[in-house]
């Protein structure tokens, strides 16, 4: 993910003509040798293996944090304290308390923040938001979302820090589910309350050193039924143990006049159904990403040529650079991200306590 | 639906060589003129517009009930009392109490019963069950199902009996959701408990006579999170107001070694992923229905030629005729159907009372 | 295929209310025992193992011929001579001369004929024809068609009569390619000229008795570039050795204002693109078969429930019965079929002689 | 396309750790103001509006040519003469004679060349090549390819230089068809002979200045039937007037044991069918691009996250930089490209002269 950020910061200015100039000033990784190699590869001005030095460095204006989730809080707080703008990968924090602390610190310091919920920067998601806002599908009344991968599907995989609440926080919800919440916020607005259940499929996993088995402490799957503030309902499901799914973040917005559906594994397509024209010629349209879906055209002048994962990250970075230059907030800030992540923690609470959680 | 039954009883013996002979003995409909026309079209021996005469007629061995849901109970009880085997469309009854009464009557009378949950007779669903039973995808640990149509999506549709609890019972759950439960039973076994929520999207609809608007009393959408007796979890979602969905009954069975996925709108296809062979060549396989998936071959000797909705009904009818001849139960009996329908009523209860319902 | 006809004649009247009454009068097959068994299963009045008796029987008005291709000519001529209407499976004949003789005999005798090009009876193909005729996609300017199966893909399959020119006539063109021609005629009109090439992939196959190998005399694949009388161009490709393809008869009609695409393996779907509305919301629409696409509604009142292969045959039979009753030609007659089959023989000639064939 | 090259040269070193360092030395465009703006945006060291100065500049080692096709020859020859390595967009040249001259000049000068047939650098195409080479689908016996767009579909589009033989050379074949040839070469080897036909759909177009209409001189569609040197046959079809197709470059390789299919509009997927395992579980597998398909992993460590058009260009650039550093040829050189483009010119000749063209 660090590489994805480096590539995006490196490319953004060349892709978009309206950005302030950017230098890749300081690179930090460990061990030092690896840091030096990668810094050279990515084209940074200088390198360190001490992140505290980096965040304090006057040459640095923006700190990008792409380390494991458990370190986000400490690094972000230090960077904020040093007056840096902070671009942090998702999830923002392991706990809502941490997220709140980070959000408050940033607000107090007056720095700009951005959290890497990059799927909402997809031109097709932006177009979906526009269609919803325009009323093309009428009033949005229902939302369905799933996000599945299979990186924890194999029963024989060894135990890692990912299975530890202390190190990783939530499981599928923290890795995957929070992406879906970010999209539901963009398309449907805030969640008001929910009921949920979670499941640990593989209760223990073998320790890598062969000394036995250790418990899996966080969820392999989660399912939630949502009520949105706008009166709509919906569901949110996630699994990290869904064989064959590689990045299957799919969603549907049901409206009173039509429907929009999307699948991240085909991120350049949007499905649109509108109750319009002769019934015998109605059907879901497969819209292919093209220049009509900004900022696709900044990458390619011809439709159907496909953006990739890295391009979405470049769009995200550009939005941050533009916001900082304009003295405005990008989206989603730490505050926005905390609102997203409130939902995944509520799902966890609802499942553990067997009750509806209302915000 | 009456026509679908008539066609299926007419064809079943010709499709399958192993069935007892069947005559289309008596046909009932109203008004009399319509009954006569359709009886002649379908090829019945005789016609009536009095269903009580039909169920009492000694020429009749099996009574097929395809009337609106509210009449199932009375007709089935009368037919059972007359000692007939009963083939009833789904849902079996408006309430669980009714279903229980019908089930008990049939058991006591020693007649055979079958409820028209016809999607479980699809050769591809049968093949899926076989794959699950064989362990091809390992242990089944998660289930997802959706069933959406759009027959109540249009906000301007007039009010009908479908919106009345007294006349129609449940809404999307009774029309659509129960199908999904039948499939989850076949693939995953019994449901142990659930939490759910439901939603009425269009709270009132215009009365057809223009005198005002009347309330919609039953759910447009329902969402449930399931715990199965085998330890698996899952979700079940349904909407009758999902624009563009015509019969989108989709489901996934997640196993510890693979996944099966299916979509009723492409009922001749099964998606199978197995963690097998080189990772770089793994992917969901689209299996096309063919003679390897019995009883497809009874309809067509070549794969890829497609069965239709009517063919599934013919398979259902054949299974009933075969069971009666063998003195065995077909599947699903009234007892099985009551178990299915228990789930949709539990979803309704959970939604209204805001609590987990455990069976 | 005989079973498909029997089932269709058995069902047609019950499906469609406007047909003259039909009896399954005489059934012929060999050996006699098999004939008796199947006759009883299908519900025929009487049975024979002598087809000459059947075609002469005064109880018979329509003769349905579903025997191997090499016997079509003799049987059809005898039936025509006896004054029967003839429903013959495709291809009509092994050679164009045979087809011509059969067509002339039928015309002279004044009997009605129908050839089993049943895919053109698909409601979605009929709808496509309507869209083309209506100008929905502008002027049709290009056609692409493919029809692939894999029943001769396995290199180890034994030699059969299918590989013999004398017994089977053409290869993939006769089994599959002619279906595509029937569709191109319906959608684009007559072919004016073509250039083509063919290929025998497996030049010999092992004899079933283990005595060696015999040559494959007819094409495994064929490819043709077509010029239509209306000025359009197009291609037609077929293979009987295309692994994984079960009935992949796909086609596209390119118009000056839109495109229609279809795939027989998903025969209840039509893809439609029209240059209409905002460019950013354009896309191929997947239209699902429903009551708006006659005669789908005769089988099922709800869209998305899917017709099957057998249903297409029932529509074909109904069109024949209706035509006979009305004293009109059904479509396609022997004359129409000869026009279709002229194209597949021309492809063979073009490939063998290396020249353009013009009609 | 110039931007795509600039972005790719800018990113390649950061994506791949094994490349020699690269500077964006000189940028040329017209008018000067535009050149200055874009040069700054892309991050070049210096800018000019005189391409002859650029190709002569000692600071330049590699010249990348992304200008309209008609200028490739002159620019490439000048660059070669100046001893530069040349990276030229496809098609290499308007005529085969030009291509030959360019190829000969490069060979004589000993410079490295690369032509921008970038779809062959897609990890999924590389994987397909590997599968063919490994014999996974047996012996490749048939190839089908289509490449369609709709940028010339609208009958009302004004006349441009694209319609002129002198300015643009071939039509759909030069823009699109040559891509398909590059893929067929990679997967099937050299073409031996072909027969073809072409079509101009819109014979004239309105002049932009409103003074009348001008003729379209090059083909809107082309269709060819190929014989490969390895004995296989196949087809190649292209249209620039195919409504709804945005970059639909699809192909199939039919083998004696399986099939591979691909669609550029879903460039991160490969379809694979192998006759392996139980027939009832066989089907086309949708393989999603992931780290098992090098060099996908250089962009993203997780499968299913999707590469885009720009990433394919980055892979292409990396292969050129690596080849130059190693003193080897990249693929495809001018010589390779001339072999590809020989086929599209042969299609044109075959269509115009009505004869088979043999190489």
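Here are some notes:
So that you can tell them apart, the chains are marked A, B, C and D in the order they are listed, and the count of residues begins at 1 in each.
Note that in this section a contact is a pair of C-beta atoms (placed from the backbone, for glycine too) under 8 Å apart; a residue touches a chain by one contact, two chains touch by 3 or more.
All figures in this text were calculated on a predicted structure; none of them were measured in a lab.
Chains touching both chain C and chain D: A, B. Chain pairs B-C and A-C differ in how many C-beta pairs they share in contact, with the greater number at B-C. Most remote from chain A, judged by the distance between CA-atom centroids, is C. Distance from the chain B centre to the chain C centre is 34 Å, each centre being the mean of its Cα atoms. Mean C-alpha positions place chain A and chain B at a centre distance of 40 Å. Spacing of chain A relative to chain C, judged by their CA centroids, is 52 angstrom. Shared contact sites, meaning residues of chain D that touch two or more other chains, fall at 245, 282-284, 288, 290. Residues 127, 131, 136, 270, 272, 278-288, 290, 292-293 of chain C are the ones that touch chain A when the two sit in their complex.
Residues of chain B that touch chain A in their complex: 137-138, 141-142, 144, 146, 153-155, 195-197, 199, 201-202, 221, 223-225, 227, 232-235, 237, 239, 241-245, 252, 254-259, 273-275, 282-284, 354, 356.
Put simply, chain A touches chain D in their complex at residues 3-4, 6-7, 10-11, 13-15, 17, 37-38, 41-43, 149, 151, 245-248, 264-268, 288, 290, 299-300, 302-311.
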